[in-house]
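Presented sequentially are two complexes of chain A, the first with chain B as partner and the second with chain C.
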Partner chain A sequence: MRLLTHNMLQCHARGCTTRNYPLRFEEVRLDTEEKTEVNPDFIMGMLPKLDWAALRTTAMQLGMTELPEQAPDTTMDEATIHALHAILLDTRVMEGKMVCDGCGHVYRIKDGVANMLLTEHEV
Partner chain B sequence: MPDPIPVDSQLALDAEEKEERYVHQVYEAIAGHFSQTRYKPWPVVEQFVQALPKGAVGVDVGCGNGKYLGLRPDIYTIGSDRCASLVAIAGERGHEVMCCDNLSLPYASERFDFALSIAVIHHFTSPERRAAAIEELLRVLKPGGQLLIFVWAMEQQGRRKFDPAHPDVFVPWVTRANQLPKPQREEDAPATTEAAGEGEERVYQRYYHLFVQGELDALVESLPHTRIVQSGYDRDNWYLVVAKEDAA
Partner chain C sequence: MSRPEHQGPPEVVYNEEEAEKYTSNTRIAGIQAEMTFRALELLCLPEGKQCMLLDIGCGSGLSGEILDEEGHHWVGLDIAPAMLAIAVEREVEGDLFLQDVGEGLGFRPGTFDGAISISVLQWLCNADKRWHEPRRRLAHFFTTLYSSLANGARAIFQFYPENDNQVEMIMEQATRAGFTGGLVVDYPNSKKAKKYYLCLFTGTMGGSAELPRALGEEDGVVYNNEQIRERHAGRGRHRKNVKDKDWVLRKKELMRKRGKKVAEDSKYTARKRKPRF
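For the complex of A and B:
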């Protein structure tokens, strides 16, 4: 699972409405080996679609500290574009957990695929 | 192929149990064979995806083996399916996928430019659950975002014939225990339900609700903040393009 996908994820357990975003990673194994082609237009186009604060918090949890506090404007330099591409698209969470800070629910990631299904009583 | 069987209204299962037994368990069992039969994008879906603006971000809920996930490199689509086996197949193909349920999507509200719901809503076993599934898709769309829905039509002109008196049916899926991984179309499936000598034949019953003309339109119009942009019939399905309107 890519971090761009994680930026859209929110806890959906029954009754969980506060501090349900973003989900916090725990015990993750990342794969950053595969480098995909950088498309500057795509990265710049993603900026308004991101929750920047959530992305920055998550990246820092994973030890990636290069994102500035404020979202860059559309005149990003090349280094920033590459850094964002590496975080959003070339960082894959292969194994681990996503924990909701609101209700404590744990979602598991296995073989790069998140299982976001809830059991019947959690829906 | 075996004929569809009307769902007995006395079937002593609630809506969720029916979906668990006649949809979820069936897809887990047939995923490999099913995936071999699903490789050609339907033209209306392809046109919808090709018309999206560059950089669009969307979801394909009920993505199956992911055949609509790789159509364009300049948009971002998150696929999901209730069936873990199909999600695994889509993931192995390099698509961005997860396992989740259409009735409770794990996405923040109003974050997506588009949503695909291709051959999914007809698997929900009550009008309330079909409406809830569409509402959940609308929830994650931004105002102005678009949803494409395809559902099976009662009025199919092909080899399947349905009885308007029975809109809820079990449609058989026939597979052999030793089914070889070679592209095969659903049409080529064996025609009997009896066990054959070589390669034991298994018949799985999948639940479908067949939509009559106008039914999907009425369902969508009953939901708030929707506007039907396009409505049509293609390949045995009714389809709609729905825009999410501003709440104001």
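For the complex of A and C:
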């Protein structure tokens, strides 16, 4: 799972409405090997949809400290776009857990596929 | 043709063997591709823009591959682990989630520029677990889907409804969640090529919210929500009584001609008896 997708994801268990975002990563194994083509327009388009604070916290958790405190504005230079692309699209979480701080539900990630199934009482 | 959704829950029906068959069968892949292209066409995405799309029931990523080819970024959901395993094996581009969409989606508001779903909705009409309630699951699904779509985005569902009740139930829940739109039936007169596409719109887009045209020349049928409801409600209410006075008179005449003893016609002929106990 890419960090871009993680930024869009919140806990969807029943009654879990506070502190359900972002999901905290634990025991992750990352894959940053595969490089994809950079599309500046797509990155620009996604920028307003991103929750910058959440992205920065997540990146810090994973040991990536290069993100600035403030979100870059639409006049980004080439280098910033490439750096963002590397974090958002070329960083994949292959194994690990996502933990909701609100309800404590653990979403497991295996082979890059996150298990979002809930139990009966969480629906 | 037998319906796979009658055989059991999706995660059981699409086990390793079936998932393998499903993905390697060129006929199925062909049909899937055709339906995906049609769904993409109905989505009416802006030309040349790389969009963030949601593939509900992505399976082994057959439809996702087409989204890739068209240059979009996608996220796929499916409930069958075996199907997802094949998708991983085939190294599809999108991010995959093992998820039961009837439990609702966990995406932040306004995430996706559009959603497509091929042959999934009919599964949601089944109750596969003790606590499943199709109406509520559909409602929960549509509500969370609505909020995760950007304003003005569309969601296109190709599905195989079993009967009109299913269509009506699905449409009712979608409308309740805030969607507008309706049903597009391609090639309605062909048994094989006939395909149902539920086209749902979020927000109001002025004139562009018109339903797309169906395929199959002049014969393609498009129903909006009111028409589905009317068609459903109208059944039985306007039906003419078959055995009316004319019918009785005709039968009596026939019997007379055959030389039977028949009561004379009068103003009481073919009238209903009084209710008497």
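Just a few scattered comments:
As a working rule, the second predicted complex is superposed on the first by the 123 of 123 C-alpha atoms of A that agree within 3 Å, B and C clash if a C-alpha of one lies under 4 Å from a C-alpha of the other, contacts with A are read in each partner's own complex, and residues count from 1 in each chain.
As a working rule, contacts are C-beta pairs under 8 Å (C-beta built on N, C-alpha and C of every residue); 3 or more make two chains touch, one makes a residue touch a chain.
In this text, all values refer to a predicted model and were calculated from it rather than measured experimentally.
In the overlay built on the shared chain, the residue A:Glu33 is in contact with neither chain B nor chain C. In the superposition on chain A, A:Leu9 makes contact with both chain B and chain C. Within the superposed three-chain model, A:Asp73 lies out of touch with both chain B and chain C [touch as defined at top]. In the superposition on chain A, A:Leu118 contacts both chain B and chain C. Common to the chain B and chain C contact sets on chain A are residues 1-2, 5, 8-12, 21, 39, 41-42, 45-46, 49, 51, 111-118, 120, 123.
The residues of chain A lying in touch with chain B in their complex are 1-2, 4-5, 8-12, 21, 39, 41-42, 45-46, 49, 51, 107, 111-118, 120, 123. Chain A contributes residues 1-2, 5, 7-12, 21, 36, 39, 41-42, 45-46, 49, 51, 111-118, 120, 122-123 to its touches with chain C in the complex. Within the complex formed with chain A, the chain C residues making contact are 49-50, 52, 73, 75, 77, 79, 84-85, 88, 93, 95-100, 103-108, 110-111, 129-131, 144. Across the interface of their complex, chain A is touched by residues 16, 54-55, 57, 73-74, 76, 78, 80, 82, 84, 87-88, 91, 96-101, 103-109, 111-113 of chain B.
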